[in-house]
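Two complexes, one shared chain (chain A), two partners (chain B, chain C).
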Partner chain A sequence: MVGSSRIGNIFLSPDSTLSNRTLRFLFFPFLLIYSIQTPLGAEQIFASDQGTWIHRAIRFWSFEDPSMQVILIGVLLIGINCGLMGGYVVTRRLSMFGDTLSHAVLPGIAIGYSLSRSGKEWGLMIGATISGFLGVAIISLLKKYTKMKVDSAMGLVLSAFYALGICLLTHLQQSTGGGQVNLENYLFGSLVGLSESDLPPIITCLCLVSVGFILLHKEILVSGFDPSFARSIGLPVDFIQLLIWGLLAFCIVSSLQIVGVVLVSALLIIPAATSWLLTYRMNHLLILSAFLGGLSGLLGCFFSFLTNHLPAGPTIVLCSTILFLIMLLFSPTKGMVPSWLRSRKRGNKIRIENTLKACYQVLEEFDFKKQCFPQSLLSRRRRKSDGEIEQEIDNLIRHGYATRIKSSSKKFGENISDTMISLTPSGWEVACRMIRNHRLWELYLTKKASYAPDHVHDDAEKIEHVLGEQAVRHLERILSNPRLDPHGKLIPSQDDIERGWTTGPSAAN
Partner chain B sequence: MKASLPFPIEIHDLTVAYQQKPVLYGIDLVVEEGSLVGIIGPNGAGKSTLIKTVMGMIKPEDGYIKIFGEKNTKSITRIGYVPQRESVDWDFPVTAMDVVLMGRFGHTGWFQKISKRDRNFAAECLEQMNMLPFANRQIGNLSGGQQQRVFLARALAQQSDLYLMDEPFEGVDAVTEKSIVDLLKQLRDQGKTLMVVHHDLSTAQEYFDQLALLNLRLVAYGNSSEVFTNDLLQKTYGGKLTVLSEIGGRKFKDRQHLPKS
Partner chain C sequence: MFSAWEIILEPWATPEQASWNLQIAIMGSLVCLCCSLVGAFVVIRRMALLGDAISHGILPGIVLAYLLTDSLAVGPMWIGACLAGLGCGITIEWLRTKTPLREDAAMGLTFTSFFALGVVLLSLQAGHVHLDPACILYGEIGLIPLDQELKLWGHSLGNQSIWIVGLVCLGTIAMIFFFYRVLLVTSFDLSLARSLGMPVVMIQYGLMLLLALVLVASFESVGVILVLAMMILPTVSSSFLFDRLPIILLSCVPFSIIYAFGGIQLAYWMNFPISASMVLVGVGIFMPCCLFGPKGGILAKLRLKISGKYLRAP
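And then the complex of A and B:
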């Protein structure tokens, strides 16, 4: 096996001191970058392969290499497993808890190691699970018997257990001559070390997690959403919580091999957080999260293999982060880009409506006797420069709301070169609607909400754009189809709007 | 005689303490079937605690509670519960329909799936609260009043004989408040028993048939018109029984050395 032959070769060089090591852990983010240049602990999958990237890509996706198959299956299963588990961790707001647990298992691994004297034993699993539970117990004890808040308790347990684990593992390494223990594998993960004998624990864990969640779906759901109600129907909420912690510990331990203590919580949190952006149903969230977990595992492996020098574990985490960013930006309902586009569209609509409203008011000044008017009147009313109004008119014309007529403006006795504007029937309709909405709302505020007439304009400026037809009907009903607004101006009626481009609203009706 | 039937709630000499501070002290209360009881009292009077203790979520220091003549752990499926709105994580990925279905969980065994009939029934309950159009909305996207309606629909789905509600009128609009009151009276007319924590004194007498005035001790219990008097309200809201709440807790400290009651 490629993996098992290499696992022993990479260990701490005897001269690197503990303080040096610990410093590096403190500066983990920098270490990540550093480790890309010098293959530290987080190692790439196969450094030996040569050839173009296309060859490597083909070789990767053809799944020919047997040791590669093991790694891919392992990564896929762990991705799915962490994704599923993460769905519960994230929705129950246990993310920090997952992080703490992943660090708290380290002393257990060291002790399990020293007892079983090999890296691939169930003893390791058991030791890690016990150590994880001990960490959890200490957190709840601290919470119960001291004034400590849960975040500080987690921080304390996380760092204390982590430090203890590193000390124990380093000691073990030196006392055994450094032959068997590979500290960095547990800190940063090592895909190369993954062999067939690692698969059974992973598969067992996935089975436990998925069977548990299928059978107990409704119990877990209700105790996560509304614990006091769950208690009221007789569910053992604390036991269910304990069960989830147990599965979580098991899941973390079985994933350590791939991404290591430091990054395993990323595998738990990121796919689930991504899914939470996309759905609001628990079962959809779980399926999606499992899928994304598996996908980022495969992609991470692939890129690590392709580039030949990226460490696999961090690459997997980066892949799932990139998936998260893509969803954050482009998810149809909650994504930032779609919602930015929507708000831009709304902004444009409001601008158009405001221009059209001003057009109506200009026409109103002429008592609707003229069908077209000079552009300068519009810029005066909008209190904007000619250039800006030019753009607004262009915008209207693009949407088919207005047309430009080359001047015959002598009639107005004004600027000869002035461009004449005329509204199209659809432009007239929108303009009428906006004026109606505005004046109707002003009337409503003065009549029914006892506003002073000089206070209603600003509010109506905003409401006019969001008043739907249904609300308009309602307002017309409670104001009994009014014709005049608080300032004595005509409110265009439905008739005026539907009659289209005529000589303006008829006061006679 | 009615006495042959077990009472929905029978509380005997109940004392509850949080960290050795008594919250309820020596409560005796018997609620008859078909009662619509409002629990009123100042903040920290133990109103929610009383309900949670009846539900069996809090273990009492002294005394016992019987629900329909049995220990409350046995008759849990006969109780429907509407918790306080703050106790829920509103961002949780569940829809209104999912929440109402939770009302059926008590009738469905472990490992069993929710049946089609349960789904239909849950839909009926939503319909009754006028919330069916919102069935597929995420619960956090509903307004406070709508969320409360969903909670009540869940309580309906539980088909219980006894309902315990913790401040169902908290943070709801007038229309929802009216429909909740209608629902409470309708349930009472069906012979169900209801006990509701309430904080608004101005409506207490109008909404409930019976009132329990609570402040550490049960100050009074009886028909609203008889109990809702200035005198008793003064006694309830007039201030804490400081000595009782401070000294009374001492007996829990060395409980094992004191004679059993």
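And then the complex of A and C:
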């Protein structure tokens, strides 16, 4: 029920800034398009070998070649487009479905091509969308009416539609003399084929996707994350689902030219998966993945331009993979390096607390008569070598929890060269708090959870480091401010901790 | 205007044509047979999409092996493909368990990245023309008869590629024959297999390695995407006809032969690529199986439903 309440929240209070921000972000590129003059041949720009790589880089980022502008805008828009759709695909766990869809549009492209010779782009779009729909429909029919599992149904539709597409495209290529249909463009994609006439479908698609996502934001979220709730509040879930499949097919078709059949799903999945590592909120995820999609498009285009012969589609994919790897390592919330650092810090804290606890227990052996104690007693209690204890004490001193006192007294009848250790007030406070947590928890387990007294230590050993102040107060209240733990030892109270460490906890109460 | 008879005879009209197409047909049947035998277990284990992912993911290994050894020999390529496939599988598993990503996203992310890496590596070597990108995607089975002849003690034994695929096919059959029981139990009842003390994980990886071997052997002739069809189609089609695994496995033999010869006919008739038309023939056979198959076909299910209704009626 947690999930549904969260979604209900989203539903009731939609992020109103989202639409503004997204609008501004999405429509910026459209303004650029109107400033384009007639393009040069894009092949010439990509194939030209002039200048060092620095010159080429400067030329790329100055955006001065008109046909370069077309390509860049196309790549940017496609990246944003796929990023947006991908956010939905990845959160709904439909990634492999997206892959299947991208293969299933191939026959539609061939048929669209052969039907409409003049306005070729639109024919392609419509044919491909229909054929994508057909693929999805066949998968769900196979799943529903036969004993086939969804994975083999998907694999079957994917490869069958793909084979049909290859056959039809080859047939078309041979019957038209090969010049018009470039099969390889649709399989691997190419940037140089991108001309101004390819932009309108891409722009339309982006408009549709972004308008759809902004207008139907709540509906899409609810019907995606909790279909039964959406049905119960009267949303047309199936219609929305269908709409999204349509948008997805449209989006895939418009990106085929640049990245090709196999790698379209990469453009869908990778930016969204990357932003999945960065945020927990759907709005932020969509914006981030649109941004990352556009960025990886630009970067891939740049490297492809820089090296002169790398194919653009795979380079774009590799760029977004590298972005993913960077985020996997360094994302502040879920990245591996930050979480490794956090766990190291936590481990250090636990080590310090354990040492302080042992110090307390050593002091307890002397009934808190002494203010300092020899290091060897600590190492005996911790069951560790002198060297290790030395390090632990160093660690305590670094954090200001203890001090070393050089002393040659023989009072304890121990080794003369033994270093004497004394806790500082802050060290004493942490030690008391740990002991208190530990013993309260032991008492709680024996009294309220009917554990045997000799079974409670290991549990308490773990929980003592995570019990908060409030939980401890609560425990004390439940146990009515106890003084003794199950093993007959004193539990230091809040008063003892505040009073300081001069005499140890007072038994009188 | 051709009559139907002429269309059928067209590929076999002259002796040269007939021997050329026979080689293609043998190659096609062998490729399809070894793919479908491994594929049967892949389908049963519901790993069809993993098979797809790995068939794409082996590309960088193949390309690297090719660039390093500068030959299309199966040995180095197999090692490269195994390493890449294993890397792909481990990456998917690692992403799935150790990061917040779900299985589908982990799969899609990994195999597309591997594939992109493979294509980029391929394009780094502009001088090599033998391994061309389009061939990766739908294969060049039509050019198989051009391959070198295998010569043994001066005798010509026929096409080298066919011999290699034949050996791989024999190896696959032998592996399945010897490990049949283990494969069967691990595919259908994982917990029983564990309780019998079978090395489940080892078998999983063994199957993956066998899959990689088969993928490498068939990669040149059918490409990375159509291989998926070869793996899935025969098993799925015959699972609508029979419900015992040995019979399903045996039925892969006639299916493969029909796919190969039917594919050649279709390709000649409609001017299609041969490998893709083999898949189309497979789909053509799948459709009636799925509709009319006695074991869980659509009509059989409908009939059950209707009779169930009558049974339940008062």
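Just so we're on the same page, the second predicted complex is superposed on the first by the 441 of 509 C-alpha atoms of A that agree within 3 Å, B and C clash if a C-alpha of one lies under 4 Å from a C-alpha of the other, contacts with A are read in each partner's own complex, and residues count from 1 in each chain.
Note that in this section contacts are C-beta pairs under 8 Å (C-beta built on N, C-alpha and C of every residue); 3 or more make two chains touch, one makes a residue touch a chain.
Because the structure is a prediction, the values reported are computed rather than measured.
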Thinking of the overlay built on chain A, is A:Glu469 touched by chain B (first), by chain C (second), by both, or by neither?
-> neither
For A:Glu64, decide between first (touching chain B), second (touching chain C), both and neither.
-> neither
A:Trp276 contacts which: chain B (first), chain C (second), both, neither?
-> both
Which of the two partners, first being chain B and second being chain C, lies in contact with A:Asp226: first, second, both, or neither?
-> first
Who wins on chain A residues touched, chain B or chain C?
-> C
Between chain B (first) and chain C (second), which does A:Gly234 come into contact with in this model arrangement: first, second, both, or neither?
-> first
Considering only the touch criterion stated at the top, classify A:Leu156 as touching first (chain B), second (chain C), both, or neither.
-> second
Should A:Lys218 be classified as contacting the first partner (chain B), the second (chain C), both, or neither?
-> first
Touched partner set for A:Leu328, first chain B, second chain C, both or neither | second
Touching A:Thr146 in the superposition: chain B (first), chain C (second), both, neither?
-> second
State which residues of chain A lie in both footprints, the one left by chain B and the one left by chain C.
-> 93, 276
Contact residues on chain B for chain A in the complex?
-> 52, 55-57, 73, 76-77, 79, 81, 83, 87-89, 92-95, 98-99, 101-102, 105-106, 108, 110-111, 113-114, 138, 141, 154, 158
Write out the stretch or stretches of chain A touching chain C in their complex.
-> 90, 93-99, 103, 142, 145-149, 151-152, 154-156, 158-160, 162-164, 166-167, 170-171, 174-175, 183-184, 187-188, 262-263, 265-266, 268-270, 272-273, 276-277, 309-311, 313-315, 317-318, 321, 324, 328, 334
Quick one: which bits of chain A touch chain B in the complex? Just the residue numbers, please.
-> 91, 93, 215-216, 218-219, 221-222, 224-229, 231-235, 276, 279-282, 284-285
Over in the complex, which chain C residues touch chain A? Could you list them?
-> 43, 46-49, 51-52, 56, 99-105, 107-109, 112-113, 115-117, 119-120, 123-124, 126, 133-134, 137-138, 225-226, 228-229, 231-233, 236, 239-240, 270-273, 275-277, 279-280, 282-283, 286, 290, 296-298, 301
